[in-house]
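Both complexes shown next keep chain A, but they swap its partner, so chain B is in the first and chain C is in the second.
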Partner chain A sequence: MLGFLSARQAGLDDPLRLRRAESTRRVLSLKLNPDRDVERIHGNGINAIDIDAAEGRYMLSGGADGVIVIYDLDNHSGKQQYTCKAVRTVGSRHVHRFSVESVQWYPYDTGMFVSSSFDKTMKVWDTETLKPAEVFEFEGNVYSHHLSPIARKHSLIAVGTKNPKIQLCDLKSGSRIHVLQGHRAEVLSVRWSPRYEYILATASADSKVNVWDVRRASGSLFTLDQHNGEKSKASSQAVNTAHNGRVNGLCFTSDGLFLLTTGTDDRMRLWNSANGENTLVNYGKVCNESRKRLQFTVSRGCSPEFVFVPCGSSVAVYALHTGKLVTMLRGHYNNVDCCEFHPDYQGAASLPAGNPAFQDNWSSDED
Partner chain B sequence: MELSQRERLSQLVEELSTSGQPQLDQQKVKELKKICRVSSDCIDHVYHSVMSQLSQDHAEIRLSAFQIASELFGRSHHFRTLLVDNFQEFLELTVETDVEQPLPPPKEVARKLRSLAIQTIQSWQSSYGSAYKKLDLGYHFLRQVKKVDFQDAEARTVSERRREEERQRRMERIYKARVEAAAKDMEESYQDMEAALTEMESCMKLLFPDFGLSDLHAVSGRPAGDEEPCCSSGLNRQDPDGRPDPRDKSGSERGPSGGDAERSHAERSHGDKRSGGERSNAERSHAERSGAEQDHRDKRSGGEREEDQGGAAGEEEEGGTKAEMEEDGERAEESSEEEDDEDSFIRNSGLISHTYSLDVSLSPVLRVKETEDNEAVVSTVMELHRLISTKHLPAVQGWVQVFTKSHAEPQLLRRALSLRRSLEAALQKHQELHIDCKTRVRRVMKASSDGEEEDDDDEFEEVPEKEGYEPHIPEHLRAEYGLDPSPSTSTAALTPKKAPASRPPAPPLPSTSSSSSRQLKRLIEEEQDPTCAAATLRVLRQKIPLLAESSSSSSTAGPASCQSGSEQKAAEAPVVPFGLDLYYWGQEQPNAGKIIKSASQHQFWVPAEVEEEVENQDLLAQSKSRFISFPGSFVPVSHFCRAPLGNGTLCQRQDRVKCPFHGPIIPRDQEGRPCREEDRRREEQEERRKREQEPDWRDGDLMRDIEAATGEDLGSSRVGGKKRKGKKKKYPNLSDLKQSSNTSRSRLEKKVFNKSTMRRVAQVLSKADSRKHDKFSNQFNYALN
Partner chain C sequence: MNRKRALISDVFKVKKRRNGTEKFGAVDDGDGRVDVKSTLEFLMTLFPRKLFNDTLPPIVLKHQLYSIHNDKTLVDKEVNKLQESGELLTFQLGFDSEAFGLVFAADYKAKVLAGEEGRATRTTVEKFLEKVVSSCTDLSFSKDKMLREFLFTDPEITQLVKSGVLTVRDAGSWWLSIPNSGKFTKYFIQGRKAVLGMVKKAKYNEVLRAELEERRTPSQVKFPMKYHVHDIIGAELVESIPTTSGTLLRFADS
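Entry: the complex of A and B
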């Protein structure tokens, strides 16, 4: 660390180097933060969390009781011991009636966030007033939605519902403008590529993962095939499947070059997002019994990247490209549904060893 | 860490955790701590062994392991970190956080473990919670997600508590309903009980009036009154009654007769003997009445005498003494008449000598004898007693129970208790009275006849009690019974005539004459009484016929004896049913044993020559002989099997030839050993063979299980001595979990759901099915399945 610092001071090193080395070190020594605590608001389990990309300060959480809470993660008290305060709580008139399935900040601003719920609605909230600015209603339960983190030319929200058709909602017009057809069962997870703003990946219960270019209306770009086209040709089944069960987790790497999927066949697969090729990395058994979306994440800015996957009551950390199990983060007492990685908790003064960017000291327990 | 330390640690942990005790052995714990102090490696090792013991499927092991962990948790930081790191698993194993992994049996210990774990975790949290983040999280998880109430001593979860409350509420409701029902019941039957109690009370008073001292004085002061004459006045009084003496004498001429009353009875019973011209019926009844009066007066005077002599005898119960007095009076009276009729003093006073010593025996307990006078009262008391003891008292007891159980208002309870007390007091009093009652059924019958007695119109005859079979039916009654006037000869022919059974020395049976039951009873009583004239009469009567009989038998000795000899023969000869052999007795039967086949009667068709007569030896024999099966007479078996039994005694079976357990019965000595040499040898051989092939039910394991369950020695140690060594239980101190699983159900299941059995059954079923298919496959309803 000190060597890296002095080299950086001398200008010998690329700034990225220090950053990478430090991040990697911290991820590897990740453990429960004894000083940081999060205020307990939710009475039931927590289905989704999101940390705002603009400041990295506020965290959204959606609970199974329909409540959405905004936390302030920054510690300005000057003491080591800190409990993250709940800044605002959406629990009144406009609250979701059923369990909140996914929440997401607007990528460029904390003035707005989007939540979707099993009450068949997706709400766009104004953070200031905590009132829904827009409500989209659907025919079925909403499993997942996603806003493209890099989109500059569009402001589309992809929504996966019980309906196999993927809905695209436009924030500009406040209407559903597009439907993507191709799945045969409910869509459990949708993700925009962080590299190309029109590329969308969707995972469905029919064990298929489709990659779309939303500019093309005719159909998906390709469907991920776990056998890379070898076996499916032989077995006269033209259907390409990504997993042997429901595919309920979907995550791009931070550079957008790779796509990770998890399925209920207890597997996790890494795909080349450019051509949809299975990279055949073996992660071993990744316990996964969720019937809903599984929110997992990939580290950002480490030199070998890491995957954080909820696995029973603990979170498994894998090396992305080797598939090696690095560690199991054990701190929860019940099933973990979601985890999020804090990309830039860097202030050396405020951070003790063992970066809790990994929001794990939260008891996101499902009862 | 040295290997020896390691081994010692493992051994200590295992010993501690498998001790099966609710508390740890402090000595061993100390040793464990001492070793642990050496290095953190030791702690590591202990931690792992404790965790492995915690995951055993036995609550006692887990409890002990948990106790070890809590001992070390307070001592070692390293142990704390290790444990807290794996706190999820620890909670699952001790507090049952995972529904899928319930705590193992036995249940009691599991509950104890759970509550202990929850308490311990709370104390850990309060002392180490701030330092160990995960411990804190775990504590909050228990409190908020699992909703464990740490204040609750029972350490129950919410659902358990709710269930408990629910149960309590339900019980309360039930109790309330019960109390209401009982209170209502009590309201309703309170009146009845009160009435029964008062009735009982007054009946008691009637039966046994309270004699105070004042009463006694009143009685003893009364002699001046003419109603209650004293001894002397009784003498005077008797004079007018003594006047019909001549008539008495005429009665006494016929035989020694006692008091008037007895005599009149005797007259009635021997109505035929009576020289009846002298007196009219009216006269007799008058005499009877006067006799009764006298009797009564005698009694009274006797009673007076007694009271005079006994002094404080007034305390004595009236009815009880009455009987004795009666006896005394009668005895005195009778003796006087027997001694000397002329002696007027004796006659008048009824006393033979002037120096009588009268012994009055007072029974220490009260005794109420049932008489005609108090009969109604006694029966009422009996009924009340029955009512109270069978109905009221159980009901009240039930109420008291209900009230105490459900904490009803003390008022109700008090009332029920007082009711119970009074009922019990009444019962107690009844018991103290010792009411001497006869069988009720008879009383009731008599009561009805008592009513008739007054008018005496001969409508109903008193028939003596008969217990089904009547050994003797009087001659004059035969017609009534629908029998021939004389005993039928047919029966006599079959059964050799016996000498007529001597009649039982019963009192002369009352004939058709209308004698009341009361008189009858009196008569019988008097005859039992050796002091009565009636008894003497009976003795005399018995003597006379005896004399006559003996004389007659001696005179006709010769013919009688020979006659009896032939009779004896006839009796010995067997009676056989009539048959064909008797029919042709002594005759030659030409056709016997021959089967005659008739030739065909057909017109055209003639059969081949047939032998028309076939001799059959069997048939011949049948017509000439007769089978008489002779079963012999039953001789009870007097010998015992006497084979030695396992418990040291000898077999007590009395089989004639062969004991079902010990084979043919052979002579044996005192210890049950066979007397003969070859028997002994054979028995030893048998023993050896039996020992070699133990029957499967004497399987050692099974027997041990049964022994463990019943606590009785079935001799499993004898059976499988060799096997036992290898299968010694590993931890004898732990309670056996398999014991409960070895039930009859499980054993049956093992048999019924055996793989081969299932296969066999399935085969049979499928065969039946396929047969159906073969036969009816063209019919749609069979073709479908």
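Entry: the complex of A and C
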């Protein structure tokens, strides 16, 4: 590491190289942080978390009891032993009636956030007053929603519900007429590409993953096929399926070039997002029993990228392109439901389902 | 020492290394290139030919390779390369959609032809082996492929199914298969269940690998223990944990 530092100092190396090397070193030495803890507010499990993209300071969490809490992750107390305090908790009048399935900050600032829940609504909240500015109602349970992190020309929220049609809700006008048809069973996860603002990937319980361009009037761009067109490997003459079971997790890499999917056949696959080709990286058995969306994440800014997948009561860390299991992060007492990567501190916050619900911050051992 | 980090550059040293430490029984091949062919040959020696009276070529399962080499993606790539060069044949074994059986092409051809001695279907099978198996690396064949590309007629296809080289998959398509492999599948599944049962019955559901391989094989297990141990580790039915007394196999219940 000293070699990197002196090369940076002398100008021999690009500054990005040092940052990447240090990030990767810290990810490889991830351990449960004994000094940092997060305050316990949720009585039941936590289903979704999101860290804001603008500053990386505030964390949103949505629980199985319908409560949404905002935490401040920064440490201003000067002491090493620190508990992240809950800054605001959504009040009881406006809170969701059933469990909150996904939460997301507005990508550009923390003035607004969106949450969707099993009470068949999606609410857009004003962070200042903590009242919903807009409520969208649906016919079935809402499994997942996503706002595009890079969109400049549109402000669409893609919503995946029990209904096989994917609805696109517009934040600016409140309209919901745009519908994407193509799946045959409930849509478990939706994700916008971080590279192109009009590309959307959706995963459904009918084992298929579709990639859409929302500007196009006719169907999806392509469906991901795990056998890459070779019918010989399939055990039945099935139409292109991404997995041999329900597909319940989707994650793009930070450059948007690759897409990861997880399914209930206990496999995780890496796809080339431009042409839908299965890169055939073998991660081995990635235990997956979730009936809902599985939230997993990919590191940003490291040199071999890492995938953090919740696996039972620990978080499995795999190297992205080789498929090797690097380590298992153990520390939770109950099943882990979701995890999120913090790019500046190279830590991952992971949340368990079931009681007691507390959040662990994982960080490099020098932190 | 800490061989699992061998593929990551030294820059990312996470702990200070001490000089001259021993390996604690965990064996790992630290070399970069993965030699799959010699591993395959080693695994083929574990296959019991006498059990089937020499009618079957030695079969190895693809996931048994994962128990020896660490990097699954590299192993997959090497197997694909061997398949494309025509040395190795892959078969869908039928009891698990992910379990693929591997056989060396030369062994397969020899055994099939030996089994066809003196039978009426011999010429068709020879024709099939030469035309199809040498050129194409597919696992399954559909009806119009057989009729058009390879110019087989319907009665010839029936003969191939009768001789065991093709197995019906669904109406109009067939898997490539090994004749007389039903016995293999039966003994294999029985043996796998018995070995897994041995691990499950142990205290805390875990057994040292060396101890398991030493044990007397129960009557249901017809294959050598090592064959089954490689299989259950590679299929991730047990977790393999390195300890100071060797590798420990713990039943993975999920």
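Rule of thumb we're sticking to: the second predicted complex is superposed on the first by the 337 of 367 C-alpha atoms of A that agree within 3 Å, B and C clash if a C-alpha of one lies under 4 Å from a C-alpha of the other, contacts with A are read in each partner's own complex, and residues count from 1 in each chain.
We adopt the following convention: a contact is a pair of C-beta atoms (placed from the backbone, for glycine too) under 8 Å apart; a residue touches a chain by one contact, two chains touch by 3 or more.
Because the structure is a prediction, the values reported are computed rather than measured.
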item	value
First, second, both or neither for A:Phe4, with chain B first and chain C second	second
Partner chain(s) touched by A:Ser313 [first = chain B, second = chain C, both, neither]	first
Between chain B and chain C, more extensive residue contact with chain A	C
Contacts of A:Arg330 with chain B and chain C, given as first, second, both or neither	first
Partner chain(s) touched by A:Leu280 [first = chain B, second = chain C, both, neither]	second
Footprint overlap on chain A, where chain B in one structure and chain C in the other make contact	none
Residue ranges of chain A touching chain C (in the complex, touch as defined)	1, 3-4, 21, 24-25, 28-29, 230-233, 235-237, 244, 280-285, 287, 289, 304, 312, 322-324
Contact set on chain B toward chain A in their complex	85-86, 88, 91, 97, 131-134, 137-138, 140-141, 144-145
Chain B-touching residues of chain A, taken from the complex the two chains share	32-34, 40, 313, 330-334, 361, 363, 365, 367
Contacting residues of chain C [partner chain A, same complex]	5, 7-8, 11-12, 14, 66, 70-76, 92, 97, 138-142, 170, 173, 236, 254
